[in-house]
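Letters A, B and C name the chains as they come in the text, with residue numbers starting at 1 for each one.
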């Protein structure tokens, strides 16, 4: 394998990996803050992709215009699900939240099959059609688009968590709920805010997914949920630095796998995750998941 | 006296009219004896003779006859679906219901079974029936291999890891195409020549699989394995504390569960003409297994049966009803062909919110159907005058004194209070250190515990008392230092083994199993916590005896969740007694009790020491109780042992007063009168 | 300022407080004394609103607060510095302090409060950007007290503030309590180190198995045999 190929694989690993860090971020956030393992996260992403798809086909223009609307629609769905369902099981054991989210995932994907059919969709735009050459690597504009959007959003979330009162309250609830209550923080309110942010990020990720790849209602579970778990576990909860590094690491590892053993990319990601769970459950930086 | 020769009663000591014989020397004998003549068989016979059993038999007969009747094609398919999901549901039930886990990758065993059967049958020309068996065996083996690491994980970790395992397995199978045919799969058309009509053959095979799965699950439920599994589900710490090896118990269940799924997967290849990764590892199947078991009711043999009977026809019906149904709405064309999935999902969500234990769980709670239990209420005799179980005869007091069980709180007859006798050491704690992130929780503690004494361990908050308990019982490993029990090093032994070696402990917050009965709690300890293996009847006798000693026998068949707190604390003592350890560590056992309850419990503790010859070490905050009951008191402060002596000495010890009251020396003098 | 009458608290099936009465005059320092497990922490949790009593009432400045949520009580000026400090270990000292002034009223006074805390505990100023977990035990306790003060409380509740600390540091912290009290904050404190706390309190209550066994001013309590009984059981 020559250096050029290695460079390309790593470059793509960084670009796509950063996008996947954003994809996983919502799952990680809600897991850390509300202790809900939102198995429906993949469907959230796909809903975002459909919002972009339909808005693009109706209004045309640049797909980036539909970034925020995708986030808002999914954010709203997240808030409704939190109020309607997840809030009801606070205090029950965490496996209950796991199966409940699983039920939500089934209903959402089923609804999407009805609403949008099982046909593969693509958003044909400048981003999916044109590429640029970086070194010897051909990179689609969609990837560049996704990379920068992901970087900006990750930075914004970082600033929100680190520099604002709401962000501090979110981190406080994640670290020690009882102490946070003593500060006068209302956990229910924080759960709702965290869910909105999580779902918003999923919706925005969906916009990037729509620009970059083809999709159908099933890809949420098959293509995005698993990898989100892998990145979340690798990063450890509560570490944005961990999320970025984990995203880049996993995608680079998968890129190399695709050269040596095509067809085992997903297996490679999962294998790394299992090894981490068994031998370093705190992930690269964060804390133990519960 | 070493622990091993302590347990073998000599001929002369055995009372002549002993009611039960110790048969546990051969665990294998015990296992098969119980399998054949045990509760599983008894309950199966009872079931077959009950109306429900007769309905079941009736349905089996109809199922057998159905293919012989004309024009039943559609019905056959529906029935086959039901059998299929009963079998898979029972497989999932063992790990997901009885084991209490969520397994997002259970389909992997179904897939492995299918591939194992197809490869051995097609590639190696094995006899079809042997190939089917290979499907089950290899799936079980696979369960063993992945279960060994993965079953250490708890909760969400386990669920996600299993999802990963299923995906990895599927991808690896596609990848090694020379062996597995890759994405093209393995053609199993050869099976056509084995049967006249493969659809009818497939139908009968699934019928067999469902009956087999039902019977296996039934036997698991009414066995010690089932009892241990249910205990682990309620409280893994509690289960370990009474000697249950959590990993091995779960692994056994996992293997059995994998075997069933493997057999179903193997049988299923009959109606597939080609075995491909997509068809053999459908994620949707895991979804259905989970939903069917959850809605029918996990941890009940009938749960998956009800789930499958209700949901499978619904599945078929809805699929037929909704096929091609579509509506146009705001320019969107809604195609309801896959609408059943939503209905499935909605039923599932409603069940989680409103029927969290499933239909069978609801029946159990209402008392309409008895919960499955290894204990047959009718065969438990309470209140009979009975002989002590042999090992209790072994204690010194039993040899020398007559025991009056009904006389509570009498003066100690042996131990350190007996004048002129050097008390033998039983437990030695030598230079124990324990650090947590730089903080010395226990700092060079050396402490001797003498046989048959009541030692109180006190100290201000954060003094390291519970940490020391955790180290002695093997719950933590010390940073350095040694613990000796009967002159044998026991430092760092796995927690679940400590009770078998002779050290039992209770927890500050009770770790009883709330959804098991009182008797089941104690029986689990008798089966798992003792040095010797115990036969079923002996286990029952030991449990009844322990309950009678503590005074809980009237509540034997009550669910523990119905007990008030002091009864739960007494239950922890009964559970410990049933394991017959030498040393009992009690961690704040009277916390949360009112004075009269405290008094009662203190009397029981005294009796355990006096009449059963146990050594008791207890951590306690209520000073009056500590002072009144202890022979000796050891005081910890900031991880160090600062005093050790009789209650009187301790109450006047300046270091102790200082640790508790923060006084200076001159102020201490005010308190040390006389 | 605070009046508790007939307080009864249960955790599940376990009753820990059995009809407790307590009164705290404005501007005073009141001690709640008693051995471990006597119910001090549960009493405090009821005042802060972390648990709801099934019986009894809590009046704060003549206002019934028995069933208010914790956030509203913080807003009213009740601040609890919990046992074991309960800091946010992975956050900076500054973030910990700022979280103390999360409520609206406190947020408007954030700068003043921060100055006040940093004057009281200058060491915290040097470590503002350090993670809380990297502080020593004494500094962590100072941070916990500082965080409690950030909400601009009129009633500061201190649960075992000297737990696990070296005597010299305990001196510093107790001096700080005196100054806080001089600034007009009413203090309710629980301590195992009876003699230290007797030096600063105006009035003390001895709690035993969830009930008040004895009360009186510092002099009356000093050398009282009952205290010794409660703590040492003889």
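Just so it is clear, contacts are C-beta pairs under 8 Å (C-beta built on N, C-alpha and C of every residue); 3 or more make two chains touch, one makes a residue touch a chain.
As the structure is a computational prediction, the values presented were derived from the model and not from experiment.
Chain centroids computed from C-alpha atoms place B closest to the centre of all protein C-alpha atoms shown.
Contact count check for A-C and B-C (C-beta pairs in contact): higher for B-C.
Centre-to-centre, using mean CA coordinates, chain A is 37 Å away from chain B. Chain B and chain C have CA centres that are 42 Å apart.
Among all residues of chain A, none touch two or more other chains.
Considering their complex, residues 37, 85, 88-89, 92, 94-96, 98-100, 102-107, 109-111, 113-118, 221-222, 226, 229-230, 233, 261, 263-264, 266-267, 270-271, 273-274, 277-278, 281, 289-290 of chain A touch chain B. Across the complex, chain C is touched by residues 165, 168-169, 171-172, 175-176, 178-186, 238, 287 of chain A.
For chain B in complex with chain C, the touching residues are 460-462, 564-565, 588, 591-592, 594-595, 621-628, 638, 647, 651, 656-657, 660-664, 667, 670-671. Only residues 100-102, 104, 149-150, 152-153, 155-157, 159-161, 163-165, 167-168, 171-172, 174-175, 283, 287, 290, 294, 332-339, 341-342, 344-346, 348-349, 352-353, 356 of chain B touch chain A when the two sit together in their complex.
By the touch rule above, chain C contacts chain A in their complex via residues 48, 50, 69-71, 74-75, 80, 82, 86-91, 95, 98-100, 102-103, 107, 147, 151.
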